[in-house]
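Shared between the two complexes below is subunit A, which has subunit B as its partner in the first and subunit C in the second.
Moving on to the complex of A and B:
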């Protein structure tokens, strides 16, 4: 081989290496992040929160295999999550009872297989039709399983559910998984594996045909694909990953009850996926992290946190239907053209206006809640550490001023945001960026 | 053997008979045009052949094999592919992905979830060659939904021929196009149907007589003539029913 040819081939292989590094780099970074997170935030509260987020990420991504990838709106996805959880608890109790040599880290697979099995069973009925029919059937199946959970007591344990002890299984590396940090690592491991697997799935011929079926199921049939079968496969695989998530939840809480399969759980995953954005693979990850954080943090701050949560959802549907990831991606071209900073002043202005409006709204909500359900505690309440009486006029006036004033402030700030966008786009085009 | 053979095919929608006993034979390798006045049932006939609709009675054979009542994907896998009168693409997928979707099954990747679709060299090669032929290679990264009408029509044809089917059905591929665009489309169709069997619905008579080896005339759900262009032109019944009696 001549010298030149050798250099060329060396360049090629280093180019290949770079491409490989770029392709797998993100997963290595993610793995490193998951390993270091508990060292940065080392409170047991954070471990719990991170564990919940990990479970939620797997569940939300599995849900998006249906909604975002294949265009199937399911109202009963908790069925596969919950049944996965129940099967894992039963498996753990069986393994403990007979001292079988199966360690805890493999248990989520039992949940996955359970999710897959019920995905096959229920999916064979529900995926015959897409669209509204599928949504209705998923709702019906969800209710069916949720009510069965209260009736079939021997399997579901009725109201109180079924408990287990995760420390009684075969030990490996002397980990008994009693502490939350060990559970965090277990969940982080499965989360990473599932995220990679689900991402890889979107890059396969099957994953692409899911998108095709979502876009135009009829046309897919005229290029050789059975859309019903595509929906069915997507449904089964989605059930598999939901089952893993449910299994991890069962391990994390050491208890499963009828709530696992219920409508609230199904609704919560829909919200997480939608708020994060169903149009991008990473959207549900963002949504799962945010919604878990809100569920934990907001419920500490206010008792009516679900109301705020609902308002957030309605707001997203109305003003940002592509979710948070959609909003982020909208800014990507500006970021690449290095003009994103031009939006900052206008965004800060709108944010300030939004916060004033939100404070007003929140004050109204909290006072109304206090009046309606806490009348027995007397008229005194506190909001943002300021104590006042809900029977006096001033706080109501304040709230009205903040809410209405904030609204008009926000509306008048909007032209600045639009103007800043226009300027940034112009600047980007000047620099020859394709935006 | 005929590529497509219809015998006694009827289709009722409720009490209304739309297709009233059609016998039709499309020979292997020919370009066959289907003409007829609006509402004659041409598109319905396409829907019956391609499996979108099931005939009320009669039999449809593809290369001698009965396909009556089969699902669209089963018929497609037997070597028949069709386009639609109203553009029927994957609007939010890129132009590249639109054609690639049409290529995947025929290249044997089916429901594979163990191949990385972006590293399939044979698929990429076929997709690229089709995009080049329909002149959309430059636009491959765009969403199909933002293409111009003529480009979408070209993409529609690209998706139709992507799977390499031997028998191609085109439903008014030049409808709504300007004269220049239509001429371009006809040249494209001529090229792409080389060595295949083509059945085409077309309203533009200059296109029909220019392109077709044989022509069938469908009037009120019945084929009243099926012959070479010159003989169709001379056919008394056709003139009366469709072309208008020459003055």
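Moving on to the complex of A and C:
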């Protein structure tokens, strides 16, 4: 009996060691990754992109504290991001003016405190209601701040915004933060700290209370928690992290303007978090990286990239409400049972059909755009390096065939995907590792 | 002064009625399906652009009929093939779907009609001044807008309370299951109400388009105010939406006419101070300048004192 207990405890401790390694190892790996990334991609363009991604990750995760963890849909999260940015710029200008001994790496904290402060102020009004009412109130507050930004000129700087100079602050280790690589390391550091802090928050009793309020606020109240208070605290904390993200953005660009607090910014963080998947902690990280990359890349390729972006979002809401991370996690049991490869042929078929449909759709969009907006440039345009005239019938016919044919091809390929899923799941069950 | 009050009241009521044309559809859809249609203002914009396009081809009056029908048809299709599928993922997904839809509609409108304002003209038969108050010529088109909006409002009221269809709609607001048991096709009623709401928003767009600016950002400008109206009125309350629409219409119109700032008010009492530099904006800004943010300020005030809205009962 005691022997068995001993082996059990020995097993547990070795398992505990493994679990500890698994629990903290991921953060070490993440830190190492953040450190080595600039050595792998060493162009200034990538540094800029990576910096934007880091800011976007913090912002999207702070947004998910509301939407994913507490179930509060906010249409005005940019308020805390933007006000954090404005306060950081004002703080940096003040520090420079009076040569105070405060180094730049601490400045994002100012943004965080500003976000927290405005989170407390606006949260006390808006978190009284949950659900749809909260969403509309957040929208109203967002508009209130965005419109005020154009009225209160001495604080928000009107249309042109306020500039600052990040190199004039107190230097430590002889870093002046003039180059993008130094800014990248600064952002990577804060990104890591914030990600760890926000992850840790989800593991606390408070994080669980948030989830309870999300699932069913009435039951949470019967258990004895004040759901309004839980919403309020989640809102304030999320404002804090959004403020840090805004502060980093202000440092990165050295300028803040009214666009920081605007509806577009609020919308883009919502899109990023949702496309990545709000059901898992890592989802918004994926979303932030993807959306930032798309914003930079797509805007080079096509002028109507926002339309594609919106269609992607609507498609995600309709067909994959758990986002990319949800789609990935769906495959986890199959991966563990080593039957994932069985899906590959069916997926390739569906992918081919989807690509045909997508080509047709984007051909229609590009031609319509050319016809309506660029009429002055003449009827010639090129799509995938093929030049043709939008006035001739053939390309339209092609597009229609591709779109409609692709659609039916996709529809008919879907049963194969479902069948392959079913088979793979059965195999996984046989091996006893899937639920 | 009296002239100002009269003209501002007329304009305010007009603006309020336009808001109510949209808010009524939004409220009906919300109380029926529990989803706040974020794209509602986009249908207002679609109405204006369809009206513009039709007026280019055949004239203003056919546009007034055809554009709302077209927009309502699109709305019904979106409900049938989009929203109904998203419904099983819950209210947040529905709201996000309409949010994405608003985004897509704005992009499509921009793609087709461009970003610049379009020249949507008042029909020549209404291009004269209806009457003169003291020295202000009040345009006949505005009078037409006002009467038309009131006419639609009365018609809607009569349809909802006096006809069989209206009674079925009212019944499915509160007891959808019972209505289904009685043999009515509730999903189809939902689709029709969604289409009707979108058509009402489009009517507002067609008649507001020539008077205001027909531009691809008109949905983004009006949308937030529309949502403020339904929150202030109380989500799901038609009478609340009516009061809130008029309130916001009058408030914004009167605010534009008032050229006072806090420092002026203090000046009346003989107090002249120079506050901190950061506060100097708040000190000097006039009421007319903050007219655009008045609805949002009102929203905050209402939420502090009456979190459910003026006539709202339910806490969603």
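In this text, the second predicted complex is superposed on the first by the 417 of 435 C-alpha atoms of A that agree within 3 Å, B and C clash if a C-alpha of one lies under 4 Å from a C-alpha of the other, contacts with A are read in each partner's own complex, and residues count from 1 in each chain.
Going forward, a contact is a pair of C-beta atoms (placed from the backbone, for glycine too) under 8 Å apart; a residue touches a chain by one contact, two chains touch by 3 or more.
Source: prediction; values computed, not measured.
A.B. asks: Who wins on subunit A residues touched, subunit B or subunit C?
C.D. replies: Ranking subunit B and subunit C by residues of subunit A touched puts C first.
A.B. asks: By the touch definition at the top of the document, which applies to A:102: first (subunit B), second (subunit C), both, or neither?
C.D. replies: It touches nothing on subunit B or subunit C.
A.B. asks: For A:209, decide between first (touching subunit B), second (touching subunit C), both and neither.
C.D. replies: First partner only, subunit B.
A.B. asks: Examine A:219 and indicate which partner it touches, taking first as subunit B and second as subunit C; both and neither are also allowed.
C.D. replies: After superposition on chain A, A:219 lies in contact with subunit B alone.
A.B. asks: So in the superposed three-chain picture, is A:296 touching just subunit B, just subunit C, both, or none of them (first/second/both/neither)?
C.D. replies: Neither: A:296 stays clear of subunit B and subunit C.
A.B. asks: Based on the superposed arrangement, let me know which partner A:201 touches: subunit B (first), subunit C (second), both, or neither?
C.D. replies: first
A.B. asks: Just checking: does A:148 make contact with subunit B only, subunit C only, both, or neither of them? Give me first, second, both or neither.
C.D. replies: In the superposition, A:148 contacts subunit C only.
A.B. asks: Taking the superposition on A as described, I'd like to know which of subunit B and subunit C A:230 touches: first, second, both or neither.
C.D. replies: In the superposition, A:230 contacts subunit B only.
A.B. asks: Quick check on the complex: what are the subunit B residues that touch subunit A?
C.D. replies: Of all residues in subunit B, those touching subunit A are 50, 52, 71-73, 76-77, 81-82, 88-93, 97, 100-102, 104-106, 109-118, 120, 159, 162-163.
A.B. asks: In their shared complex, at which residues does subunit A touch subunit B?
C.D. replies: Subunit A reaches subunit B through residues 200-201, 203-209, 211-212, 215-216, 218-226, 229-230, 233, 237.
A.B. asks: So in the complex, which bits of subunit C are touching subunit A?
C.D. replies: Going through subunit C, the ones touching subunit A are 30, 34-36, 82, 85-86, 89, 91-93, 95-97, 99-101, 103-104, 107-108, 111-114, 220, 224, 227-228, 230-231, 235, 277-278, 280-282, 285, 289-290, 292-293, 295-297, 299-300, 303-304, 307-308, 315-316.
A.B. asks: Per the contact definition, I'd like the list of subunit A residues that touch subunit C in the complex.
C.D. replies: Interface residues on the subunit A side: 67, 71, 73, 75, 125-126, 128-133, 135-137, 139-144, 147-148, 151-155, 263, 267, 270, 274, 304, 306-307, 309-311, 313-314, 317-318, 321, 365, 368-369, 372-373.
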